[in-house]
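Notes to accompany the following structure.
Lettered A, B, C and D in written order, each chain numbered from 1.
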């Protein structure tokens, strides 16, 4: 039986997991950084990490979103954190709505977890807390806030997430 | 008027804010690291930081706890994050119970925020999310978990927080 | 008059100064990181930083190398650290040989200075020491070693610098 | 046979290796950080690390200094980096003078290597370069400079190393 606080992490790629190769001057999605972040956070709950996709979020297709949804629906866990590229995170969040008794939190990072200064650790911390505390539903934990799916967008000019309907700066 | 997501941070000292002075080989509580952590987390909500105390948690007295409680009770804000030393964090959490319509989350760190490897960033991320999402009440966000006040203790031997009543490893 | 330990830094781009932009998924040469690295190293000697070029080292031309050489030849300083991309660092080092009474040390990084784990800080530390201690001439400080210009190459497969003539592993 | 670039590291304690224990609120000398620093610097030369002492530099005695000197004198290596607490580093440097054909560089850190911001990595980079490049003798690599033993002191008020005889700021 899964413990009450068990969280299933599903990684799909995105900036949070980007790595840099000097020889070819490339910057590609690498191994998931979630495990390192949880270790640094001294997290002591039970979890499992499923590396489902390995893509920039602009390349995530409708089929990919269905695959994530199916993966969650078929899983006995009740709490999920999905790491995802930021550009289409709101679309994926909407595609996961309506699964009963599941608390699903999407998060990611605006700069890679391997950077000296990164929002990745803070964001995964937020996602882990939201997955434990929030009512069943779909959420995005970014920019220091926990947003509900369907009411959040990425403001690319300001490089932050905000509630749909917020007045511009 | 405060925005719905406004969080008041109250800092009281503890390991999270420890700094080291070479000359005297001392290690003392320094300036609050909360602002730096929120900046690194690219947090874009409204907040205010009140540096209320500057103590190791073993030195926190009943008067100090009353002072924290009075500070929160007198404040119009509804969401609070209290940074605190870890050794007596559960006692302070209990001393803050019973304030109506206030969501209060205590957090801190087992290693200082100025360290290269620290749980401080992850923990403040958790606390910020819990302060936004949790129902009114008092919580501790440590060890990757959000605990309810009155049902959590620090296991010093294992150097982690756990639910009271958990079986030992 | 310049102090005996004065070092002139010339930055030309390369991985050491790479930055990442999420929106466009680009990775470009940014502001020089030398100043931040010297601050972290608590360096207390006199120095000046000249941002001369802003290029990946594969794009450095013969004209660029002449420009670096002219810049050094015309300068009254005797000690120079040149930050440079790694792929053609040996070629630029050779192009700077033969300037009398000048100690010139080229360095850079295999992973960007902004990364949490980077060789940039160590390498600039090596370059600063070599510029102060070595006899006039041209050197490369990389891979934990100070090489003489003309006798060093980048082993791309092993991703390290080595003396020309070293036996393969 | 030792390679020409072989460096023997001797660690003696000091701030560079300090670690912090939350439970007891202690800050003690821990395992040597030299190996981690060399790995981060992508150093590819041959080396060996000897953990000789484990002390704050104010506790280093005349016997300890003789022990370090004997250790170096009896060793076939020609290049040595000695990590040491900063407060009495100049005294130890003087105690190591006069060993023929040995290049000995002392270094350490004003803030621990485990800190997010530390001079340890830069300083060990300097020491490694100086050990390879400098003529036989004893040196201190701190504050961005390579000083000769006997002509350097720690300015505690300014928290930096400087040449004896330097005018005050």
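Throughout what follows, contacts are C-beta pairs under 8 Å (C-beta built on N, C-alpha and C of every residue); 3 or more make two chains touch, one makes a residue touch a chain.
It should be emphasised that the depicted structure is a prediction, and the values quoted were computed from it without experimental measurement.
Visitor: Using each chain's Cα centroid, which is most distant from the centroid of chain D?
Guide: A
Visitor: With chain centres taken as the means of their Cα atoms, state the distance from chain A to chain D in Å.
Guide: 44
Visitor: Need the CA-centroid distance for the pair chain B / chain D, whole Å please.
Guide: That gives a centre separation of 38 Å.
Visitor: What is the distance, in whole Å, between the centres of chain A and chain B, each centre taken as the mean of its C-alpha atoms?
Guide: Comparing mean C-alpha positions, chain B is 25 Å from chain A.
Visitor: Return the residues of chain B touching two or more other chains; collapse runs of consecutive numbers into ranges.
Guide: 110, 116-118, 159
Visitor: Please classify the inter-chain touch graph. Allowed labels: line, ring, star, complete, other.
Guide: Contact map by chain: ring.
Visitor: Note which residues of chain B are touching chain D in the complex, please.
Guide: 15, 18, 20, 22-23, 25, 27, 56, 58, 86, 110-112, 114-118, 156, 159
Visitor: Help me check something: in the complex, which residues belonging to chain B touch chain A?
Guide: Against chain A, the touching part of chain B is residues 5, 37-38, 40-45, 110, 117-119, 121-130, 132-134, 141, 143-146, 159-162.
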